[in-house]
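Right after this note come the structures.
In the two assemblies presented below, chain A is common to both, partnered first by chain B and then by chain C.
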Partner chain A sequence: MVESIKTELGAALQGVEIAEANYLERGYHLSLEVASGELLNAARFFDERGFYLAAIVCVDYREYLELVYLFANHASLCKVKVTLKVDPAKPVAPTISAIFDCAYWHEREIREFYGVLFDGHPNMTYLFLHDGIDFYPLRKEQIPVTDDDKRALGSFRPGEGEDTFFVNLGPQHPSTHGVLRVVLKMDGEYIEEAQPVLGYLHRMHEKMAENRSYLQFLPNTGRMDYLGPMAFNLGYVTAVERLCGIPVPDRANCVRVIATELNRISSHLLWLGAYLADLGALTPFLFVFDDREQINDILEGITGSRLTYCYFRFGGLYNDVEEAFIAGTKAFIERMRSRFSLYEKLVGGNVIFINRTRGIGVITKERARKQAVSGPVLRGAGIPMDMRKTEPCAAYGEMDFDVPVGTRGDALDIYHVRIREMENALKIIEQALARLPEGPVMAEKAPKKLKPPKGDLYHTVETPRGELGIYIVSDESDKPYRMKWRVPSFSNLMIFPELAKGNLLADAVAILGSLDLVIPEIDR
Partner chain B sequence: MEKVLDLARANSIWPLTFGLACCAIEMMSSAMSRFDLDRFGAGVFRASPRQADLMIVTGTVTKKMAPVLTTLYDQMPSPKWVIAMGNCAISGGPFVFEGQYNVIEGVDLLVPVDVYVPGCPPRPEGLLEGFLKLEEKITGTRRFPGPESRW
Partner chain C sequence: MEQIVNMIGRETLKTIVGLIGVLVFVVFNALILTWAERKVAGHMQRRIGPKEVGPYGLIQPIADAIKLLGKEILTPREVDRPLYYLAPILIFVPVLVSFIVIPFDASLQVKDINVGILVILAFSSLSVFSILMAGWGSNNKYALIGAIRSVAQNIAYEIPLLLALLPVIMMANSFSLKTIVEAQKGLWFVVYQPLAFCIYFISAVAETNRTPFDLPEAESELVAGYHTEYSGMRFALFFLAEYTNIFIVSAIAVTFFLGGYQGPFLPGIIWFLLKSYLLVFVIIWLRWTYPRVRFDQLLNVSWKALIPLAFINLLITGGLLKL
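Then we have the complex of A and B:
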């Protein structure tokens, strides 16, 4: 695949130099630099060959701003980095939101954090930041926002039609699971347009990353996605280990898998409870918290915390697991197996639940690719893509598990995918427990002070919500030069406006819940 | 008369369902079966501020969220109380650093706070203790002997 893409790309873009990168070190196979005139051609090229746009990253190198477009493919492992240099004094770039719909959101984000103007973008208003901020936060030097920009940016102000009115869903609403705000343009009970407004929990994680050392940033990962902190922890430590070339002992890798999968189950359980609560069934909430507490007990024994775990370290683990953990996990597997039939009776076979979710929020494969959704939402649409299979980190490569997919792509399918994913997670835990080797849990030569070699890396892991991508640029100092988090909830939310369109308000809640959003992760 | 009313208030606190961040999950945990906030009469979470008399600020308050939070507080009928749960609500927590541009360093800059519950996030037991402290503040007497008396 990589070879054929390289030759075809060479033919399509005359005069552009295509470099092959070391995938193990860099996380992408090909990289090329284009001029702004050729960007659209490149984007069209990838669109025609079924690629999706994983992320757009902006990096401020002081002399120039670099826009990094990361393309990846659902069918096979082939990642391409396309870069475009823009002038920092007057940053303008063409928009590719007409080709890849998800670029619409990424470009808005870059606009407010870097001040890059995207030529032809339909809506350049503030997405994350509040009114009245007077500099571009992620630029290396403090650049004031010009008055023209302030006027152009402004925060979202809905316009009103004759027969329509607006409903604010959030930021204080029990079914947005946090502080997400969606402005709905309503025609009676039907939604004409949905416009998410983000940033109510923007906690500056990316800015913090540039201000602290690699180790100091580690606790932040657990606070970004508080329902699946293990997966975020895992993503971050494996990314830095890949960047610095730190080996990890076998035992640590196995424990990492067990802990991450336990956390995946607890995250899916909470989703199940909260989703059903959104739909009006409060009983499952009590049941899932019962199971969740068991997982919390097990993980508390090894990590010391109930929620925002920070258990993995560069080169291994914080501490070893003991017999109590292994026995507890085995007992939990037994217990959980018997609970699935209960959930099936309580939820899966419930006529009200089925009728509320079937045929609601149908995602087609094509739309899923254009909007770059990932995780259970993508698998619900029928694309069997799982980072644990395609790019296994820790000991995932040695585990045998299925990737459940849906057939219709509606909210009910996503529910079934998540339930089957929990069953598979139990399977993975069982295998990992069976082959848990003896030995150290920390690499012997793990350096105390990390100074990764110069270069960049795009590293992905599968979190409970989907593809987490971490793009790190290192400049050989002990702090990252730039760290971009491509978070799954942000990408999954992008598809919500088109799913909600034409639906009833009550169904919009059912769709929003099925996406399983975690707001601090979207806002970072 | 006021004493009787206070007793009634303290034993039937209705908190507002106001989840901001990580601490909200621990707030849910404390309301669920294991920790059972209902034992203290405080399990009736209301989604509307008009029906609530306690606001638990569970997480980081950003500059964009601040006006929303004060509006919600203003909408609650008196007498009303506020618990600042977690380090973020108390002081900005781990998100305070030089040059930060988006976090309010403590919710007490916006609304008066009655009880502070530290932790990142606090355990449900911590929040329960916060509730007991709040009851103590309302009635003047404590329901159980405090944790100090045991040691």
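Then we have the complex of A and C:
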């Protein structure tokens, strides 16, 4: 795949130098630098070959701003980095939001954080920083925002129509699970337009990362996705280990898998309860909390915390697991297996539930690719893409598990995918427990002070919500030069406006719930 | 004493005493139901519900009531004041009137009106007005959507409700609730009319805005629906009305289908309350088991299933009675 793409790319883009990168070190296979005029051609090339746009990252190198477009493929492992240099004094780049819909938000984000104007973008207004900004926050130097730019950025106004009215779903609303605000343009009970407004939980983790050492940033990861902190932890430590070349002992790798999968189950369980509460059934919430409590107890025993875990360290684990953890996990597997039939009886077989979710929020494969959705939402649409299979980190490569997929791509399919993912997670935990070798849980040669070699890395892991991508640029200092978090909920939320359009208000809640959003992760 | 009674008139006095009794019962019923709902919900959700205040948490509703009474009564600035103030009071009128004609026992009835059921149905349609007033007067979009949903839902479900009661009225040959109960001396009407009972019960759950038909106050979509902007005692009045309504629809079901106050050994009133609260329990049970249906599905159930079925049932009953 990589070879053929390279030759085709060379033919399509004359005069562009295509470099092959060491995938194990860099996380991408090919990299190429294009000029401003070539970017659209490159984007079209990848669009035609079924690539999706994983993320757009902007890096401020002082002499120039670099836009990094990361393309990846659902069918086979082939990642391409396309870069575009922009003048920092007058940063303008062409928009590719007409080709890849998911660029729409990424470009808005870069606009307010870096001041890069995307030529032809339909809506260059604030995405996160609605209170206004005086400086572009992620630039390395203080660049004041001109009054004209401020006006343009703050120009988001929902325009009221003759027969329509606006309803704010959020920011304080029971079914947005956090503080997401969606401005709905309604015609009676029908939604004409949905506009998510982000930023109520924005904490600028990416700027924080640039100002603290690699280890100091570690606890931040769990604060982004508070329901799946293990996976975020795992993503970050494996990324840094990959960057620095730190080996990890087998035992630590197995425990990492067990802890992450336990956390995945607890995250999916909470989703199940919250989703049914969205649909009006309040009892399942208490049932799933009963199960979740067991996981919390187990993980509390090894990590010391019950929500924002910070358990993994560069080169291993914070501490070793004990007999009680293994016994507790085995007991939990027994218990959880018997619970699935109960959920199936109470929820999956319920006529009202089926009628509320079947045919609602249908995502086609094509739309899933264009919007770069990931995780259970993508698999519900029928694309068997799982980072644990394609790019296994820790001990995932040695585990045998299925990647469940849906057929219709609706909310009911996503429900079934998540339930079966929990079953598979149990399977993985069981295998990892059986395999768990004796030995140290911390690499002996793990350096105290991390100074990764110069270069960049795009590293992905599968969190409960989908593809987490971490793009790190290192300048050989003990702090990351730039760290971009490509978070799954951000991309999954992007597809919501088109799913909600033309549906009833109640359906919008059902769709929003099926996407399983965690707002602090979107806002970062 | 005798003089006073003669002056006012025996009937009037009876009505006044009855109304006071009804008021006491309404409050008492709401207290029991709030406790029962929390307790039943607790046990269904694998917890124990209230237990701190009084034995088994029995005094909890009183503590809640005192809390609500002590709260500041907020009035948002932009509300339509007359409508906003009137709505919670008006929602209580139909509730009280309905109690007048319900026979709790052979002799325990405030007033036996020969068109008793019509009085109840006519007045219960009025509650839609107060919900609409609350929704419109609150000047809040969630409240308005909730109110609109409520009106559509109530209109849709009043028809099958009435159509389900008609066969019983035909069989008993009377609109008077007492006569209907007396007509069930031998066999309860639910034996003759199982379909009508089911239709009535589904419609009744919808009429009282309870899960799975709780769209007007769907908290995951509309925050709290038509009473979003109400707080303190005004909110408590809506709450009280809802619980009283649950009891009324159950009481009517008992009167029409389950033999009312009739039953062996125990006194009539005990039988009546037992049967009514059993149905109330079923309604609570439904709430803590099912998700909510969608608006179009809700209307489809009524217009496409319940109403045709009720008509067929009515025709068959009529035909059989003529034979």
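In this section, the second predicted complex is superposed on the first by the 523 of 524 C-alpha atoms of A that agree within 3 Å, B and C clash if a C-alpha of one lies under 4 Å from a C-alpha of the other, contacts with A are read in each partner's own complex, and residues count from 1 in each chain.
Basically, a contact is a pair of C-beta atoms (placed from the backbone, for glycine too) under 8 Å apart; a residue touches a chain by one contact, two chains touch by 3 or more.
A quick note: this is a predicted structure, and the numbers were derived from the prediction, not measured.
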Q. Here chain A is shared; do chain B and chain C fit on it together or clash?
A. fit
Q: Considering only the touch criterion stated at the top, classify A:Leu270 as touching first (chain B), second (chain C), both, or neither.
A: first
Q) Which partner does A:Phe353 contact after superposing on A: first (chain B), second (chain C), both, neither? A) second
Q. Looking at the overlay, does A:Phe165 come into contact with chain B only (first), chain C only (second), both, or neither?
A. second
Q) Once the shared chain is lined up, is A:Asp290 touching chain B (first), chain C (second), both, or neither of them? A) both
Q) Does chain B (first) or chain C (second) touch A:Val509, or do both, or does neither? A) second
Q. Which partner does A:Ala434 reach: the first (chain B), the second (chain C), both, or neither?
A. neither
Q | Partner chain(s) touched by A:Gly280 [first = chain B, second = chain C, both, neither] | A | second
Q) Which of the two partners, first being chain B and second being chain C, lies in contact with A:Arg223: first, second, both, or neither? A) first
Q | chain B or chain C, by number of chain A residues touched | A | B
Q: Put down the vertex angle at chain A formed with chain B and chain C, C-alpha centres only, nearest 10°.
A: 50
**Q.** Shortest CA-CA distance in Å separating chain B from chain C in the superposed model
**A.** 5
Q: For chain A, give the residues common to its interface with chain B and its interface with chain C.
A: 173-174, 285-286, 290
Q: Sort out for me which residues of chain A touch chain C in the complex.
A: 165-167, 173-175, 189, 276-283, 285-287, 290, 350, 352-353, 355-356, 504-507, 509
Q. For the complex, which residues does chain A have touching chain B?
A. 129-130, 133, 135, 137, 171-174, 177-179, 199-204, 207-208, 211-212, 219-220, 223, 226-227, 270, 285-286, 289-290, 292-293, 296, 306-308, 519-520
Q | Footprint of chain A on chain B - complex, ascending | A | 17-22, 24-26, 28-29, 32-34, 47, 49, 59-60, 62-65, 68, 72, 94-95, 97-103, 120-121, 123
Q: Going by the contact rule at the top, pick out the chain C residues touching chain A in the complex.
A: 41, 44-47, 141-142, 145, 149, 211-212, 214-215, 218-223, 288-297
